[in-house]
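Remarks on the structure that follows.
Letters are used for the chains, namely A, B, C and D, taken in the order the chains are written, and counting of residues starts over at 1 for each.
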Amino acid sequence: MMIIMRTDATPEQIAAVVKRVEMAGLRTHLSEGEERTVIGAIGVIGTGEPVNREQFLYMQGVDRVMPISRPYKLASREFRPENSVFPLNGVRVGGDEIVIIAGPCSVESRSQLIEIAHAVREAGAHALRGGAFKPRTSPYAFQGLGEDGLKMLAEAREVTGLPVVTEVMSIEQISMIMEYADVLQIGARNMQNYNLLHAVGASQHPVLLKRGMSATVDELLMAAEYILFNGNKRVMLCERGIRTFETATRNTTDINAIPVLKTLTHLPVILDPSHSTGHWGYVTAVARAGIAAGADGLIVEVHSNPSEAYSDGGQSLKPERFAEMVTQVRAIAQAVGRSLAPVHEPEVGRVA
Amino acid sequence: MMIIMRTDATPEQIAAVVKRVEMAGLRTHLSEGEERTVIGAIGVIGTGEPVNREQFLYMQGVDRVMPISRPYKLASREFRPENSVFPLNGVRVGGDEIVIIAGPCSVESRSQLIEIAHAVREAGAHALRGGAFKPRTSPYAFQGLGEDGLKMLAEAREVTGLPVVTEVMSIEQISMIMEYADVLQIGARNMQNYNLLHAVGASQHPVLLKRGMSATVDELLMAAEYILFNGNKRVMLCERGIRTFETATRNTTDINAIPVLKTLTHLPVILDPSHSTGHWGYVTAVARAGIAAGADGLIVEVHSNPSEAYSDGGQSLKPERFAEMVTQVRAIAQAVGRSLAPVHEPEVGRVA
Amino acid sequence: MMIIMRTDATPEQIAAVVKRVEMAGLRTHLSEGEERTVIGAIGVIGTGEPVNREQFLYMQGVDRVMPISRPYKLASREFRPENSVFPLNGVRVGGDEIVIIAGPCSVESRSQLIEIAHAVREAGAHALRGGAFKPRTSPYAFQGLGEDGLKMLAEAREVTGLPVVTEVMSIEQISMIMEYADVLQIGARNMQNYNLLHAVGASQHPVLLKRGMSATVDELLMAAEYILFNGNKRVMLCERGIRTFETATRNTTDINAIPVLKTLTHLPVILDPSHSTGHWGYVTAVARAGIAAGADGLIVEVHSNPSEAYSDGGQSLKPERFAEMVTQVRAIAQAVGRSLAPVHEPEVGRVA
Amino acid sequence: MMIIMRTDATPEQIAAVVKRVEMAGLRTHLSEGEERTVIGAIGVIGTGEPVNREQFLYMQGVDRVMPISRPYKLASREFRPENSVFPLNGVRVGGDEIVIIAGPCSVESRSQLIEIAHAVREAGAHALRGGAFKPRTSPYAFQGLGEDGLKMLAEAREVTGLPVVTEVMSIEQISMIMEYADVLQIGARNMQNYNLLHAVGASQHPVLLKRGMSATVDELLMAAEYILFNGNKRVMLCERGIRTFETATRNTTDINAIPVLKTLTHLPVILDPSHSTGHWGYVTAVARAGIAAGADGLIVEVHSNPSEAYSDGGQSLKPERFAEMVTQVRAIAQAVGRSLAPVHEPEVGRVA
């Protein structure tokens, strides 16, 4: 932490800040410039004292206080330089191969789901997404089929061999969803639901963690830290667009976040071009961009009949358009020295 | 819903959209302009069919689709023209009187809490805030005292007569917190935690609902709708700053939201100038602005020794500064034809 | 400037950065923490060398580079602790009195302008605003009456005694506008039109500088620095709302910016509640909030017949509503220990 | 325009709005829903009357007013379905070939510029960028070499054959810059400097128009409309990142804007990954993403010695990294069925 004093701070004010920092168990270091003094407060790692940098804002003569340490540890590439890689249906996610997760926004019926699952598998998807519990802005909107939806997902996995990714919205649902699904998805609206993060961390089940719509990259990594902190190392991060002033698209895909995250963390990074654009017409272009920027995979909404979808129809690809997207993404993957893993034969059982 | 066709849409494309709208059980209405055709799709209230406006984005010749109805009903002033008013320690919140809720960010110890509770009561606060369960961006940060903290809050109420407002972070905590607290606070990070909203709605306990840091006014009202939908009518809305590009303050106080909310909804609107600025030096000015803009109350962080606070020290007022703030706010309240309710004598028991 | 090294930076990398900093003519200061080293680079004031902090991003082992100095000097309160106060029609702007500037968005006709000028003067305004050159997003929209509009403004000043505030959009217009107007307004879209800033600085004419719609407070102060740098000390800053994700209002009034600016700078701060809300229905509430937060004045759009206005009708107040606003603002001014200056008798000539 | 009435609007209020719309010369069309009435106001193209949609906000019973028409015409793909293509050094910009513009942020010296110009040409660039007039946030920062810089650019063109792209900051500079440069660049800060847009439109010189840092896609297209409106058809649009809450990068690359713009307009779209990320370490990844998303070209900052650059050193690529970027971008171009044009032999003279 650096405490930047005002240009008119008195020696007494500077001394008082130094004293306080040292009382907090930190070492200090003074830089006396011609304009102002900066006090470095150097943390002693491992001490549990709650040293809050904001508290120094109260002291006379203080202008600003700036953090120095990045707030996450386990998630950082400085902590673990090599990529975290973990298997999903034969794909080594986070390695050279690109993973593609696809399926409907919501599970709507058994036949709808099975049809889509077959279609995405044929087109080249490695895992099936589908929501059984749906976070909806309106209490009047379709809220998902619940456990019935989970059973349909499990059946779709049975017949296609595709592992299942589905959202968990509350702690009570975790054990039930773990029975049916291979990857627990934390939605953007719950990225800072810390009790839920702790619980999925404790579950030791693979997690797909979506970035909150106004979360910074650092906050996304702090949310991942909650899961890692509980010993669960299989965390995929998902960029799904952020909220900005631009209204031409539902969200703004933060494409910068992909190389930034690949620099800061060892965890795999997935892009969701469906939510990050909100319009099927832009999904393929942004999917290509994501892989070109270095993403490790995609999660895409696909629906056989988007005009009839219960949710997110406008941003879902039809199966034939999805197949075309996979073809285009494969070309991009090759251009960046990566590849799309072939889809394995149907197999019974979970992801390792 | 209005479906705006492209300028080059063909009559066949227009006919196809009309047909689809009518199949969805809606009536249509065509406006044929010189440039383009607009198709109005008029909803039949009460039909449960999931008509998603996005689905029309898929049809050929469609340019854009715009919603017409506001998505909330129970929260709207069109539904209920007069203000919702409910009592809190003798103050009729949402009426002519201003309510002031104050206390520490976190409950840290029995003595700290009792001291602050007495101080804020003497300064003119009508209710006590304090967190026992704390949402923190870092898993390494102080997470709150839990039930021990709740017991301290209950004791502080006992000795000061101030009703207690405290945050609930997950469904499991609701029944425990209801035993100790008078108002359940939903934090900004949980504003779209729909399972939690349903549960606090079902609790029938008064709720202080904070706006998410990137939630629109409409989304805040939809979150309130989840609570109202469960029959719980005692909901206070809280503006606590939104996330923008500006970094001079922690958040940007959306002062516009106060007259906007007072226009759109009958629910009381509270301002939190501590979080909305993030710096004690700006809290009093923004508190005055909030009451001047028409807010029904304030929730303010106060700490006897902010430099030692476990959390949010930089934005907490010292008791003497808080007392000065109350004095200034009282003058503003009078200038807008309102008043600060006198603080009642200590009384045992809950808010009616 | 502080250069924060990576946790895995080598001693050689640290030495290389130190060497580079010193080659740039700065002194260095090392803080060696347990986790990482921070290199302070202490500027020598007055050296003209272009030391760009970004350049250190290129060096191996560097994590981040943070500025320490605030980038403006003449505009800062550290440079000049007491308020800058300058007279406008008898009001000492920046002192205890509140200044109110009002008038139509655009000058549309002689009769319209004279009528509105009389109305706002009677209601208590101290200066007349009105655009003769209009920045419009569409080339097809009304672009202002140009010099004819300026002549009408001068005539309105003649008959009402109100000094005139009007926008200058390009360097070529400055000398012409100076003939007719008392204050040159720089619009939000030109806040970073540096050639224009230099030129209005050189003009030595009073300036009302509007904040750009995505400008930070620091950038607004840097824009003011351009004007001050040219020796022109009569600069009023104007908060007019920033662009955020919220669409319920045209812009988001950054009410925090008012106490922030009053802390950082000695220049007067004016609020424009018309643009910052974009809807007449919210103007009065936000005007009250601005004065409550510490603003030194208001600039408000008024139109006798807003439904017929050529521009910004939706955010203009009718004269009777403006009069009511002034009454309410007067009460707020008193509540914060300030006052609305009485309007002087018509007088010929310019502001001192 | 659609005027949405309140649910409690009376028949008299509806009639009054209809009457007003018709008085404004528009035809009306009523949609009477069960909840509320919507009044369509259908424009008669070509009438010059300033019908401002905001004006209806003033009428009783009106809830909201929504635009229907897109505000730009000449820039829209509905107006001109096929791509606008124009030649730049043999590349048909906007066609199948990708154009790469590269060079230093600022022209610093003759030798610096010639060295970089040769390097980028060898690496595969088709045009040379370099600023002679620099918009800087600080009046104390290097402001560019002015006409001396232009002369150096012209000399660099002479020896390398690369056409020159350089920024014009004010109307006075246009004729001088036209003598030396092939493309006039309008910077982000001047995107809504309408006088300048009119003037570069009138110049009939090719223009590279950068998106303002908080401009919407629609506003960018309106700025282009100003240029097209003056008969100048050679406009390239440039995405250069927008301002959001994220601070991990200098700006947020709005990658969505690329397919959105390619859908809405016939004009070529260029990406500036240097400004849109602000860090050399992310430039190549985002350059690849831009071409993958469908951009027609790139404009990239290159400096032989970024640590010594007068401006933007942190985001400049060294020549060898730029060469590597071109190689990677070429692979992406092929993957999306496009190509990088070979660089022509040095030739004297301007772009056709």
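Assume a contact is a pair of C-beta atoms (placed from the backbone, for glycine too) under 8 Å apart; a residue touches a chain by one contact, two chains touch by 3 or more.
Here the structure is a predicted model, which means the values were calculated and not measured.
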Practice item. Using the contact definition stated above, find the chains touching both chain A and chain D. Key: B, C
**Study point:** Contact-richer chain pair [B-C vs B-D]
**Key:** B-C
Review point. Taking each chain's centre as the mean of its CA atoms, how far is chain C from chain D in angstrom?
Key: 26
Review point. What whole-Å value do you get for the distance between chain B and chain D if each is reduced to the mean of its CA atoms?
Key: 39
Practice item. Take the average of all CA coordinates in chain B, do the same for chain C, and state the distance between these two points in whole angstrom. Key: 31
Check your understanding: Using the touch rule from the top of the page, what residues of chain D touch 2 or more other chains?
Key -> 214, 243-245, 247, 281
Check your understanding: Among line, ring, star, complete and other, which one matches the pattern of chain touches?
Key -> complete
Study note, to complete from the structure: Residue positions on chain A within touch of chain B in the complex are 20, 50, 52-59, 65, 71-72, 135-142, 169-172, 189-190, 192-196, 198, 212-214, 219, 222, 225-226, 229, 243, 278-281, 306-315
Practice item. Using the touch rule from the top, collect the residues of chain D that touch chain A in their complex. Key: 214, 216-218, 242, 244-249, 252-260, 263, 276-277, 281-282, 285-286, 288-294, 328, 331-332, 334-336
Exercise for review: Quick one: which bits of chain D touch chain B in the complex? Just the residue numbers, please.
Suggested key: 2, 4, 6-8, 29, 31-36, 38, 40, 42-45, 66, 68-69, 78, 214, 243-245, 247
